[in-house]
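Per-chain residue numbering starts at 1, and chain names A, B, C and D are given in the order in which the chains are listed.
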Amino acid sequence: MRFAFTEQQLELRGAVRQVLARECTVADLRAMALGDRHGGAGRTHERWSVLAELGATGLLVPQAHGGLGLGELELVGVLEEAGWAGLPEPLLESAGLAAPLMAAADAASNGGAGSVLGRFLEKVAAGEVVATVGGIDVTSAGLVTTTTPSPEVTQGTVVTPRVTGASVAGVALVALNLPGAGWQLHLVEADPDGVTTTPSIDPTRDLGTLEWSPWPHTLIASGERAEAMLSDLADRAALFSAAQLLGLTERMITMAADYAKERRQFGKPIGSFQAVKHHLANARVALEFARPTTYRAADSIARDLADRSAHASMAKAMASDAADLAARVALQVHGAIGYTWECDLQLWMKRAWVLSAAWGDAPTHRSRVLSHAMAAAAER
Amino acid sequence: MRFAFTEQQLELRGAVRQVLARECTVADLRAMALGDRHGGAGRTHERWSVLAELGATGLLVPQAHGGLGLGELELVGVLEEAGWAGLPEPLLESAGLAAPLMAAADAASNGGAGSVLGRFLEKVAAGEVVATVGGIDVTSAGLVTTTTPSPEVTQGTVVTPRVTGASVAGVALVALNLPGAGWQLHLVEADPDGVTTTPSIDPTRDLGTLEWSPWPHTLIASGERAEAMLSDLADRAALFSAAQLLGLTERMITMAADYAKERRQFGKPIGSFQAVKHHLANARVALEFARPTTYRAADSIARDLADRSAHASMAKAMASDAADLAARVALQVHGAIGYTWECDLQLWMKRAWVLSAAWGDAPTHRSRVLSHAMAAAAER
Amino acid sequence: MDLTFPPAQEAFRTEARAWLEAHVPAPGTLASLDTAEGFEQHRAWERTMFEDRWSVVSWPAQYGGRDVGIFEWLIFEEEYYRAGGPRRVSQNGVFLLAPTMFEHATPAQKARYLPPMAAGDEIWCQGWSEPDAGSDLAGIRSRATPNASGDGWVLDGQKTWCSRGAFAEWCFGIFRTDPGAERHRGLTYFLVPMDAPGVTVRPISQLDGETGFAEVFFEGVEVADDQILGSVGEGWTVAMSTAGSERGLSLRSPARYSEAAGRLIDLYAARADGDGPQAGRIADDVARAYIDAEAYKLHTYWTASKVADGHSVGPEASCNKIFWSETDLAIHTAALQLLGPEAELLDPDPSGEGQAQPGPWLDGYLFALAGPIYAGTNEIQRNVVAERLLGLPRG
Amino acid sequence: MDLTFPPAQEAFRTEARAWLEAHVPAPGTLASLDTAEGFEQHRAWERTMFEDRWSVVSWPAQYGGRDVGIFEWLIFEEEYYRAGGPRRVSQNGVFLLAPTMFEHATPAQKARYLPPMAAGDEIWCQGWSEPDAGSDLAGIRSRATPNASGDGWVLDGQKTWCSRGAFAEWCFGIFRTDPGAERHRGLTYFLVPMDAPGVTVRPISQLDGETGFAEVFFEGVEVADDQILGSVGEGWTVAMSTAGSERGLSLRSPARYSEAAGRLIDLYAARADGDGPQAGRIADDVARAYIDAEAYKLHTYWTASKVADGHSVGPEASCNKIFWSETDLAIHTAALQLLGPEAELLDPDPSGEGQAQPGPWLDGYLFALAGPIYAGTNEIQRNVVAERLLGLPRG
């Protein structure tokens, strides 16, 4: 029993923090938010390269495919830093979701470096190709696909909305659930013509709709095997978005606390008023307890424990709530300033709103936890 | 359009307030709470008599039966005062629920002063007999009976738990829902041997289990007619418990505010700390908006409007929430003192807990409101 | 107690509804009023209303109103939201400045300022807050000094968070006329044309990137004595009567919340998956928001009846701001929860055919987020409730 | 990171579980520990535990413990709650005073006080608060003056909210030894026998009518120098190390919340009507309470690992009190909501055969209600979090 990170884990995280402090500045985020997609994309490329140098892009990729072959605990620390820095690139989707699923599919197909999957995996690990996922969403009733097949689909065009990182991704793992035929998971190569950008409230979010065609050679899993992989993906999505939310939450609390020390009203810093203190303390407490819940979920997924889904859901529920509370509190503490485009808070706040709702919001995950707890109780 | 009480309504309420300030003192309540049921009952009798003199016991009873023949708006004011004073007697049940149902049953049976119902009604109005109701509870799915028939029941013994005022009531209207036979409403005369006292967390609450036998002559309504009467009863129960909760809430807030002005910590009254102010302000705001919601419900029931049930549910939901919040806040403001038997707060707080949960708690009533709103929206 | 409207008021409602149905621009017709184009479109709409005497129904007829009572005003507001009427670009003037003018302005000032305000010819912005005087308005530093000839004043300083400030013609605000006086004393209420020499406007972009408000800089701005509202040194008292209307009854008609709550029910019906604990969780939030909107309406009717009976609004009004701002946020938060991962989309989801769309809810949410902040943060409001209604000592 | 227990700890768990299953009194066997009869019954239970060295597992063997580490202590607590062990009448001594003694007491004091504390022969109550020093402990007025012969002290004053005070043998508390010193200074930590001449106890009845705490009056109570813990004038520092353990890790093992959360799930399964929005609403509250209990457990393990690694607990511990007290309240509030109108019943409902019963939940609720109040109100705790963790300025 030792519930703590290793020195190596903390060092990796520290390295990511250092790099992002340099490569992911508020000015970079502002340039991106102002629609300077070109400049933004330029920085995107640089940022992605330095993250790849650190091994972050291939953190979960087996060493045989050029990755670090590390585990979920390491990535959780990295993604907390991504949240803190407001990293706009789809590291969560590429390194946290697509890469391990591709590796699993590759292993299942007895692939190896020579296979299509294996080749992509190497590029993803090396940071040459960004990967993403799409077509899947989490509800309290279970997983649903967001991919809409056209009525006559077998080889026709299908539409997958709200894919994160769509404009930079070179490859996407996309789920669909065909009436009658069940779940399928496809590996879709990038086609810039097939992407329509979808404006999000978060101006640094790269969201798009994919139009693509399922072919036999794009299919990497179907039926129960696809379902099991998607269930794994949902657990990881809950865990890793929880991790990123922790970083966002800490940053918002820090911003608000800094502002509260500086801003004076009624002759003293507003941070000396109890109302401000208690707002911020509540957010800080929520963060404090969301953290170990998230770390435990990382361990459970890393060890593939039977309770891993419930543990991931607890993490997402707590981290989403903490982030929502921190966003609301930070805005209230900033007052009118926080309501402006010029205030940096907005960049983190909007990101928090979006990520809190993504991959199942807090009530969704709580209902998953409750179902799990009731089933466990029934077995006792 | 005039959403305000009349002078007469305010005068009646004022008179009740004056009388209760004299007849329902904290010392009286304490004596009762300490188990001085005998002394308590003595005061109960006096209190009931003065309430009867004011007409409160027969407020909704037609003048032909010796009542005031007034409406729900008047009784709401009276019950707010009952809440403020912490009145332990079942005025809500007797004057607010049993009496109007008896009057309705009497009218439906073309009774008159000579009938059994009519004779009881006169005694209830005059304060000679206390009436109560039992066997019915409100859930989000609808009304359920709490009366448990023994398996072979047709003329056997039935058990009705948790009847308020059981030890002082001379007559009770009791619902049961027989498998196959549907709803029935019975008028049961008091039988002291048939009552078992049930200790409640609220030490001034007179709760008991009735054992009684349904006979053809006790049956006053069955089937759809009984169901309609019970639905009416549920609306009234929601409304009148909301009214009493308003009074309890105001009293708890007042107690806590008074204490916060007096009690000093860190060199000043605790009421000057923002945390205390904001706790109490939140409770005060909740009370402020629960009030007109309750008054509107009274008007809707008085006019028998189509939306009366939804309006009553809104009132109960808001008043229950306001009371729960006020109880929690008042306790927190009082600190350890509030946790003692010696602090008067406990008498109102326990009453608030109980009444907030009775006749459908806030979520129950909110779900009723939502069903109503959805049905109305579907009709648009 | 009578919660029905008499025939005359019902007739007023019918007339308003018919006019609005015939005239309200179709949804999406007008650009945002926080853009130059949208500002002028909204001004045109104010003129259209004014021409048929619907822009300021509660004002005396001589200034363009219909001289109707408080219930008619509430009815008009209900119908306005029901019809989906555009946001009122003249709101600061009509709802904040005008009530103050009716109380404090000279006849000449009323004649000068009210008709063009009602017609939308002169749009007003508010010069209230300063960078160091937000919730603490008494900390105002912008100053007015007598001019050399002694027949007017010179304004210097900076105001901020001036809603509509980017495009408005006029500004009202308070300036310090007695630099020796402390906090609430020595302030004076001025009316300033935005095109006066020395006035500089710097628009501020909001969360959504639009310029809903502005900073306004005053450098040696000359104003005449008749641009003072009330007396010199009485600015705080005059201003508080405006702040009172901002926080109290007149600004915040319940119609916005009732209308949004109705749409929330529709959204719930369209979007809730109906079974499972998650739907239940959202159901409770939806029901609570709906009930709160109803309670706010009832409370407003309650207060309006007091006013109609000749009583004053009373200190209970200090509860209003907290309640409507939280209700607004609760309605929109519940809606976004129902929209789930689609809530973030700025444009309608092409796949969401016929269903309630996220766009307007997101706009409404951003708008609602400001509620607990402006017009005195809710923290300040809670202090006020605790001190005025419960008699707790000042901190 | 390794969240599994090694074989030695699992063996410890197995041993504890077996012993507890064999020895824990059946539910309802012991009267409430806030009655004279129940107090002695609970004392006897402490003795039973002590005899087999289960009363103070984390203490050194010489004082009756097993000298086990922090994880074994957490394991024992989990097993204790799992087995439905009685409330610990010796809690104030074992969990509050003992950690302070291990840090500040002389060897002679440890030898004198710890063994009878572990055996339940001497039960301690806490003399912390005073009528005018509740959350503001620095406002202590009870004083200790040197006695005439200069070889001891005389205590005068009043303490209140002394848990177990009605029946305890000993009291620990702080008294002002330097009347000229302000607030935190000049306080000294004393150990006082409750049967000393001049000590008067007035029991205080709680919400449930039982005498969970007492006022204790000191009039010319003579104590010797060796009844001082730490040095004269250092009482605040010594006391804060106890307050720290009250608020931090050692008192509040997660086992109570985990156990109650498990029962809450059972109650939900037995009582929720399963469909409809109401069940959903309660479901979300139940799930939230359950998750919070789990989070508190994980956080405790996290902190315990820091301690086991030789680090200090850190200022993050100031979050603990707020979280466990609100979690406890959330668990019990959800349970009462599930019980609905039956929640008020003090005795089991005769009709509720085989179903989870309200009685224990109501007791637990009353107990939980005190959580946000004692050991420093949660308002004070929030100040501490804001000041220590976020660096906000003192008010």
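Quick note on the criterion: contacts are C-beta pairs under 8 Å (C-beta built on N, C-alpha and C of every residue); 3 or more make two chains touch, one makes a residue touch a chain.
Predicted model only: the values in this text are computed from it and were never measured.
Undergrad: Measuring between Cα centroids, what's the chain most distant from chain A?
TA: It is B.
Undergrad: If you tally the C-beta contacts, which comes out ahead, B-C or B-D?
TA: B-C
Undergrad: I'd like to verify one number: the distance from the centre of chain A to the centre of chain D, where each centre is the average of its C-alpha atoms, in whole angstrom.
TA: 41
Undergrad: Take the average of all CA coordinates in chain A, do the same for chain B, and state the distance between these two points in whole angstrom.
TA: Whole-Å distance between the two chain centres: 52.
Undergrad: Provide the list of chain B residues touching at least two other chains, using ranges where the numbers run on.
TA: 273-276, 278, 363, 366-367, 370, in rising order.
Undergrad: Could you check chain C for residues that touch two or more other chains and list them?
TA: If we look for residues of chain C contacting two or more partner chains, we find 275-279, 281, 283-284, 287, 379, 382.
Undergrad: In the complex formed with chain B, which residues of chain C make contact?
TA: 1-6, 9, 71, 262, 265-266, 268-269, 283-284, 286-288, 290-292, 294-296, 298-299, 301-302, 304-306, 308-309, 316, 319, 322-323, 379, 381-383, 385-387, 389-395
Undergrad: Considering the complex alone, what residue numbers of chain A touch chain B?
TA: 273-275, 278
Undergrad: Which residues of chain B touch chain C once you look at their complex with the stated criterion?
TA: 1-6, 73, 253, 257, 260-261, 268-269, 271-274, 276-278, 280-282, 284-285, 288-293, 295-296, 299, 314, 317-318, 363, 366-367, 369-370, 373-374, 377-378
Undergrad: Which part of chain A faces chain C closely enough to touch in the complex?
TA: Against chain C, the touching part of chain A is residues 137, 139-141, 148, 159, 161-162, 198-203, 205, 207, 209, 264-266, 273, 275-276, 331-332, 335-336, 338-342, 346, 350, 353-354, 357-359, 361, 363-364, 366-367, 370.
Undergrad: Please output the residues of chain C touching chain D within their complex, sorted ascending.
TA: 275-281, 283-284, 287
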